Amino acid sequence: MLPLISLILATLVLGTVATFFAGARSRWVALATSVVFLLEVAVLFVNYSGWPGYNGALVPGFSESESYSWIHLSWLQINYTVGVDGISLVMILLTAILQIATVIYSWAEERRPAAYFGLVLLTCLGSFGVFVALDILLFFLFWEAVLVPMFFLIGFWGGPRRRYAALKFFVYTHVASIVMLVGLLALVFYSGASSFDFSSVYAAARSLAPVPQTFLFLALFFGFGVKFPMVPFHTWLPDAHVEAPTGGSVLLAGLLLKLGGYGLIRWAVEVLPNGFHVSQPILFFIAFLSIVWGSVLSLSQRDLKRLVAYSSINHMGIVLLAIALDSSLGLIAAVLLMFAHGIVSGLLFMTSGSVHHTFGSRDIPAIGGITPTTPALSTMIMVGSLASLGLPALISFPAEFTALLATWNGLGYWVFVPLGILVVTAAFYLWMMQRMLFGPPKGVPIGAHDVPWYEGVGMGILVAFTVLFGVLPGLLVNVIVSSPIKGWPGP
Amino acid sequence: MTDLPLVGFIGLSAALLAIGLFGILTRRNFILLLIAIEIAMNATILNFVYFAAYTGGTAGLTGQSIAVVLVGFAATEVAVGLAIVLALNRLKGTINVAQATELKL
Amino acid sequence: MAGLSGILEWAFLVPLLMVISFVVVGLAGTRLKRLEYGGWIAVLFAGAALVVGVLVAAAEMLSPGQYVNVQYTWFQLPPAAGTFPNGFRLVAGTLVDPISALMLLVVTVVGFLVMLYSIEYMHHDRGLARYYAELSLFLAAMTGLVIANNLFEFFLFWELVGVCSYFLIGFYYEKPSAASAAKEAFLVTRVGDVMFLLGIFLYFYTYALAGPGNGWAASGFVFTNGNQPFLAGAMGGNSTLLTVAGIMILGGAAGKSAQFPLHVWLPDAMEGPTTVSALIHAATMVAAGVYLLAVTSLFLGFTATDQLLIVAIGGFTTFFAATMAVVHSDIKRVIAYSTISQLGYMVLAVGAGFAMVGLFHLFTHAFFKALLFLAAGSVIHAIGTQDLFKMGGLRKPMRITAAAFAIGGLALAGIPPFAGFWSKDDILGGVYSQLGTHPLYWPFFLLAFAAVFLTAYYIFRAWFLAFSGDGPRDPTLPHAHEGSWVMQVPLIGLSALAVGSGLLIFWPNFQSLLLNGAGAAGIPPVFGPTDLALSGISVTLGVAGILLAWRLWGNGRVYVLPESSWAQPVRRLLLNRYYFKVGYDWIGQRGVYSVARAADFVDQFVIDGTVHGFERMFAALSERLRRIQSGVVSDYAAYVVAGLIAVFVLLLLVAPYLVTLVGGA
Amino acid sequence: MDLGSFAGPFLPEILLLAGTLFIFLLDVVGVRSTERVGAVAVAVTGLALLFVIADLGFAPLAFLATIPAGQIDAAGTGSALYAFTSLGLIFQAVFLLATFLVSLASLSRPSQDRGAPIFFGLLVLATLGMLLVAIASDLVFLLLAIEVTSLATYLLVGYTRKDPRSLEAAMKMYVIGALSTTLSFFGASLLYGAYGTTNLAAIAHVGGAGGVPVLVLLGYGFLIVGLAFKATLVPFHAWAVDVYDGAPTDVTAFLAGGSKKVGIFAFFLVFLAPILFVRTGTGSPFANGAIALGPILQITLGVLAVLTMTVGNILALLQKEMKRMLAYSSISQAGYMLIGIAVGTAPALAGATLQIFAHVFMKGAAFLLVAGVTAWGIGPLIDDYRGLGTRRPVVGVAFALMLLSLAGVPLTIGFVSKFVLFSAAVQAQGYFVWLAVAGLLNSALSVFYYARVLRVMFFEEPAAEKFPAGAIVGGSGPSELPAGGFGYGRAAAIAIAVIAIVAVGIYPQPVLGAIQAAAQHFVAVGA
């Protein structure tokens, strides 16, 4: 059988390298890479047993598995092991979609386009790697590999405080990674796993006693949680988002935050069930805190990007909540939510980027009534905002519905917290729309015109997927449900 | 040979070492520093000689030969030190180590 | 007519047609200047939808029963032990039964007429393609909601109609008040939606866990007739849960149907075009809350506590909203308060166990309220103001409008034989019949009864102010004239329905529609005047209200309440809408927003400040430690000696102690 | 024993000795140009490197092997001065590699540099001492071998004799070095007194046969302090910063990339035995259980390791000068390396060895690069590097790779080495996990100052047009700058380093496998 995942990795690596050296033609190379990537992901989906019609059976193990020896010492067995299940497949699809949308959206990037597109591709390459890696070192490697290009994207192409933001981003996520690495190493060596492979770690670690499991789980959770980001370790996010170039923000919100969620599901929750159970109250507390804090803070933001950034904290809080519920319904909701948030926050960050390009500012009170000037952009903002506040027929709705249903099933009346916050979420989006889109025109420069074609196409791709999966969420759910969520306490 | 007063000799070499260290800490003149280092070094050599005698036998010969080697080594070390101090004196006109503080923090 | 029942399978065509209309008009509307920017296309599709709607209603009338068809599985979970032991499935499908047929009829009829009316009424506005596209989407969502076959799908369309309403209220988005009203409407209904969502969870959960409900989750939670066993089984151990579920559904309905205390948004929603007010905020969408209550009561059931609460909310709102309508001078707002008040009657009916009676009132109300709005729109279209005190004497230039408004007013006031009489009377009669077993209904019954008088008074106050007298009080108003046939046809059509729709109750086929939908409610509804004394009192009250209105406002009179009157504070209270809006704004701005600002401060200075504190700490430490690098080699030698001593301390004292602590390697 | 078979195993050492003498001879006969003298050094170290690699069992070079197979990793006899261990050979390779890179890069030093023969001669001589350290099996032999290196490097630091900063550095290094030497010899004398022998293998096997506990502890204490000078452990590090700063940068590269590791390996040699035989529970000199020497030493070394990395990092945080920042970073790296011996298991030693191997490429090459850009006229401050990354992207990326590798970012050799090292610490379990935690937290702290350099290089605009356009090698720049590029030697050295950083970072198995095998033998023989 074709080593499909390695093929995709090779495509991305070659595409990235070629982009770096392609000079003025780099955007074409990046686009070609993205198209091939998307097609290959489509093949991956078609090959997957859970696709297209879910037949109610679980797919045994991981599909498309490949494993080659990498580091082979008596005490250190590390392999290049990759594979996908439904969860990673959905995340991979998100990666492919965001990559192509970002490349097209940034088509006119003028400052060192080769480096810019190369770094964008590198970020996606790293994310893809995280989603397919089934070996701890490989996973960590890709995890960290995402960090460096993002650091440069923020630091070089960013806004006025980009240096501060880049450093803050780097330090926060790096510290988290390090705690996570300690956890991962301890996971291997304390469990006595024979190798760093997921399968052997999984087999060995689940039988650990609750106490070491709890310590390990908390270490891993901290590592993944900062990426989430969980309150109170979230302050890197607004700064990074605000200062990052639009493409960077899109990938940051769309992909990087998802790495945390994915990692938590794959490497902590599944592997350390006892530690997870002990830590559940902590997770719930942080999830609720993030939900409330993110939403309330969004309300007080003036900067459009900052608003979207804080709303990300809110949404990822719901993801955390869904994961913490420890039910398959919650897990499905979490994965769906991550996918939905990836697409929608990407769209919203693109719109804020376009607002900035068009009006020279993202200050919500300073801009008003832009709809007559930029109808297309306004429509995108509306679609993004409405999707983000959970409008049916758009992608977030099935995800949020499932998440809240799962919350009710798991936590009972605590569901009032996320439910009540839905109103606040609606409030800050609506208020933003009222101030920016509606009312008499204000702060609109003379000669302002609607978004250029490439920005429109970039956003259009995301809108299309927002609607497609909003109307047909079953396409994703069937894939997620069929994945081998091993040992999961039944649906 | 085993009736030598162990503690006394160790005390002597310890005292020599202490004197050497005290000199290193308090002297600013490079030549005096060299002398202090040599005093401390002599404590070591004395130790080897003494322990060699204490150990006795063929193993004891090791210590004595080491002592001889160390005497030679000490001379080499001083030679290198003098080379450096000469160059320093030529360039700066002083052999006070406290005045060579261009590199700091 | 067995052949006609085949149409039931095609009920989904109605929303589908309107979705197509939405897509076509939305994409191509701006290029179709000749067709009113797609307006005529929308009218065409609405007409087609009307035909299907009428056929479905007819088929249902001829062979009452129901038809369930699950079309599409959204997603499903495999069965396994846990919360949903038989699996879990969410579906989107259609359910055509008597009540959905009735609603489909209302929505398509009013929708078509309003769409047609808009062609002229909206002619001079900009953004028409957007208008018709949104209106089409609204009709699609509303008809989808009506034929939804489960609560989840219901909620989906429920949210969609909410968004359409949001956009249509904010149609004149350049007006800050319109943008603000749109937001307010969305937010207030959102509060209800959130409760509704929890209600759904509670029902899903309760029924899924209760014995007979196991299969329900796997089947997609679809509505099935005669769910009494569900209710009984579930109530065995979970009556509290069911009560809460009912309250949550009530919350959702109160948001959408603008019931106390979530009523504030509806008067402000009048910022939208009058056509929108007629269709969405009078005839259809706001009735969705009542429809939700009816569907829930028929298929899922309420507990007695829930019923009392619903009765309380409905009865109180009826009176509460009517009082506010008494003093307002904006013609659309008066009608809007009237809408709230009338919705209160319907809620009251559903709560008392007469879901079908409530729906009957919904049916008649849709027509006469749409008529009132369109008539008001006709006036506004002609003279460009909504202020009743500027109008006057319009009956001469606008005879058809004046007559239409009067018919609508009589229907609203409950004067026989107009439509409102029959349905309102059935409600009052129904509630009255329950007073014996439920004495707690008494105060709300009385409030609802009293509201009859107020209703008649305020609507005729509006009529007299606008249409009686010699001419406009504001001489600067343009000369009034009647609209073209495009506006007159809907007025006439709706007038006919306002007169006749109540009488339909005497048509057995129609009555069977109402009777067959009532399977689960428990109390057999009685239609037509039953208690003549009660009817007599209510009609008397109505007539009294009209007479009072004539006494104070007839023939161009303007009644000015004396400044010293005891009623002045009451009037101010009413004009300020009981200070509800002020209060909510205060909660929003002073409360939530202040908290948000404070949180922002904490975020920036406490959380981030701590991080920066660490940064500064390390910097300070670095600065301190740097000083040991003095540059003097003797100091370095001193460090070596000090280090030597430290190493000895470690080796001889500290480390041995630590070794005993950790117990060796 | 015929001379040939005796000399055979020492071919690399003899080669270096010959090289040194030949270079000094060249000076006498008047051949003094950098290129010619340097070529000798490059050739000698390169050839010696090949021999060592061959001895390590690298099959394609087997015909160059000089040590009979049985002699490597043979159990010590208890009397020999030297022993060939595969780990020692790996260290020889590391030392030779460092010298090779420095010599190669130094080919690009100004051709008429007066001190070239002295520079290269002392360089090779110092390397000779280092090679001897790597095969030492006797404490005094070890210390003397270290002194060969030390004496050569004292002179190397001040070899220009014209630069007051260099001379000051040489003076400081000499004073502290001589003090430390004295202390280590004193420690050796105490151990001799306690055990009656200075042979490391014999000490390892002496069992409970003797010794006064306090004497042993004091002896090891003096040795820790004496060796800590070379390994630049805190608080014995103060000289290093000034010396790294003041010395000619190429010499600094040698100090950081090469001679500092001598100290670490000396720690391995001296402390593995006492740690191991107590850990394994056999042959403790204090069989009566009075004190557990091994854990005591481990804790002491662990404390020193944590102190070293932490203080080094904190001091590096605010450094404004590039060389001093790198010097402090170098100090903190020594702390990581010390974890290897503090844990004392074969995996940990392997991790530390890989870290040392990596450090040659990361830190050594970084100093070589700094020396190169300094020649362009870039000042000593970090801020002077503004815009380097954007104006000279190849140099910028190379430097960035070294810094990222130092920070431990994946796909670099620095990541692999830290990964293995900390894995080993975690694998040892117990309180060693805290060493890993401390190390990891420190590497997080270190990100601050590495990232700052990246920021300055890539995100900030240069103050003025400082960087001549043109290729990295021999490009033509404006006349006021000496050259547009680094010159071939330096460019080649940096290229080798960069390739190694990435290649080993991606596929470490060959290097890591060899090191791990060597470490296992080392532990097996030592125990």
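All chains are identified by letter, namely A, B, C and D, in their written order; residue positions are counted from 1 within each chain.
Just so it is clear, a contact is a pair of C-beta atoms (placed from the backbone, for glycine too) under 8 Å apart; a residue touches a chain by one contact, two chains touch by 3 or more.
What you see is a predicted model; the values in this text were computed from it and never measured.
**Student:** Both chain C and chain D are touched by which chains?
**Tutor:** Both-contact set = A, B.
**Student:** Counting C-beta pairs in contact, pick out the pair of chains that comes out on top.
**Tutor:** Top-ranked chain pair by contact count is A-C.
**Student:** Closest chain to the protein's overall Cα mean, using per-chain Cα means, please.
**Tutor:** Located nearest the centre of all protein C-alpha atoms is chain A.
**Student:** Starting from the Cα centroid of chain D, hunt down the chain whose centroid lies farthest away.
**Tutor:** Result for max centroid distance from chain D is chain C.
**Student:** Using mean CA coordinates as chain centres, what's the chain B-chain C distance in Å?
**Tutor:** Centres of chain B and chain C (C-alpha means) sit 96 Å apart.
**Student:** Could you work out how far the Cα centre of chain B sits from that of chain D, in whole Å?
**Tutor:** Here the centre of chain D sits 26 Å away from the centre of chain B.
**Student:** Suppose each chain is reduced to the average of its Cα coordinates; what separation in Å results between chain A and chain D?
**Tutor:** One centre to the other, that is 43 Å.
**Student:** Measure off the straight-line distance from the CA centroid of chain A to the CA centroid of chain C, and report it in whole Å.
**Tutor:** Taking the mean C-alpha position of each chain, the two centres sit 35 Å apart.
**Student:** Tell me, which residues of chain C touch at least two other chains?
**Tutor:** Touching at least two other chains: 626, 629, 631, 633, 637.
**Student:** Which positions in chain D are in touch with at least two other chains?
**Tutor:** Within chain D, the residues that touch at least two other chains are 171-172, 175, 179, 183, 241-242, 448.
**Student:** Hunt down the residues of chain B that sit against at least two other chains at once, touch-wise.
**Tutor:** 21, 24, 97, 100-105
**Student:** Determine which chains touch and list them pairwise.
**Tutor:** Applying the touch rule to all chain pairs gives A-C, A-D, B-C, B-D, C-D.
**Student:** Sort out for me which residues of chain B touch chain D in the complex.
**Tutor:** The touching residues are 10, 13, 17, 20-21, 24, 30, 33-34, 37, 40-41, 43-44, 47-48, 50-52, 54-55, 59, 62-63, 66, 69-70, 73, 76-77, 80-81, 83-85, 87-88, 90-92, 97, 100-105.
**Student:** Give the list of chain A residues in touch with chain C in this complex.
**Tutor:** 54, 56, 58, 231-232, 234-235, 293, 296-301, 327-329, 332, 369, 371-372, 386, 390-393, 397-398, 401, 404-405, 408-409, 415-416, 419-420, 422-424, 426-427, 430-431, 433-434, 437-441, 473-474, 477-478, 481, 489-491
**Student:** Across the complex, what residues on chain B touch chain C?
**Tutor:** The touching residues are 21, 24-28, 97-98, 100-105.
**Student:** With touch defined as at the start, can you tell me which chain C residues reach chain A in the complex?
**Tutor:** Touching chain A: residues 73-84, 87-88, 90, 152, 155-157, 159-160, 163, 166, 170, 173-176, 178-180, 182-183, 186-187, 190-191, 194-195, 197-198, 200-202, 204-205, 588, 592-593, 595-597, 599-600, 603, 607-608, 611 of chain C.
**Student:** Looking at the complex, which residues from chain A come into contact with chain D?
**Tutor:** Result: residues 69-76, 137, 140-142, 144-145, 147-148, 151-152, 155-156, 162-163, 166-167, 170-171, 174-175, 178-179, 181-182, 185-186, 188-190 of chain A touch chain D.
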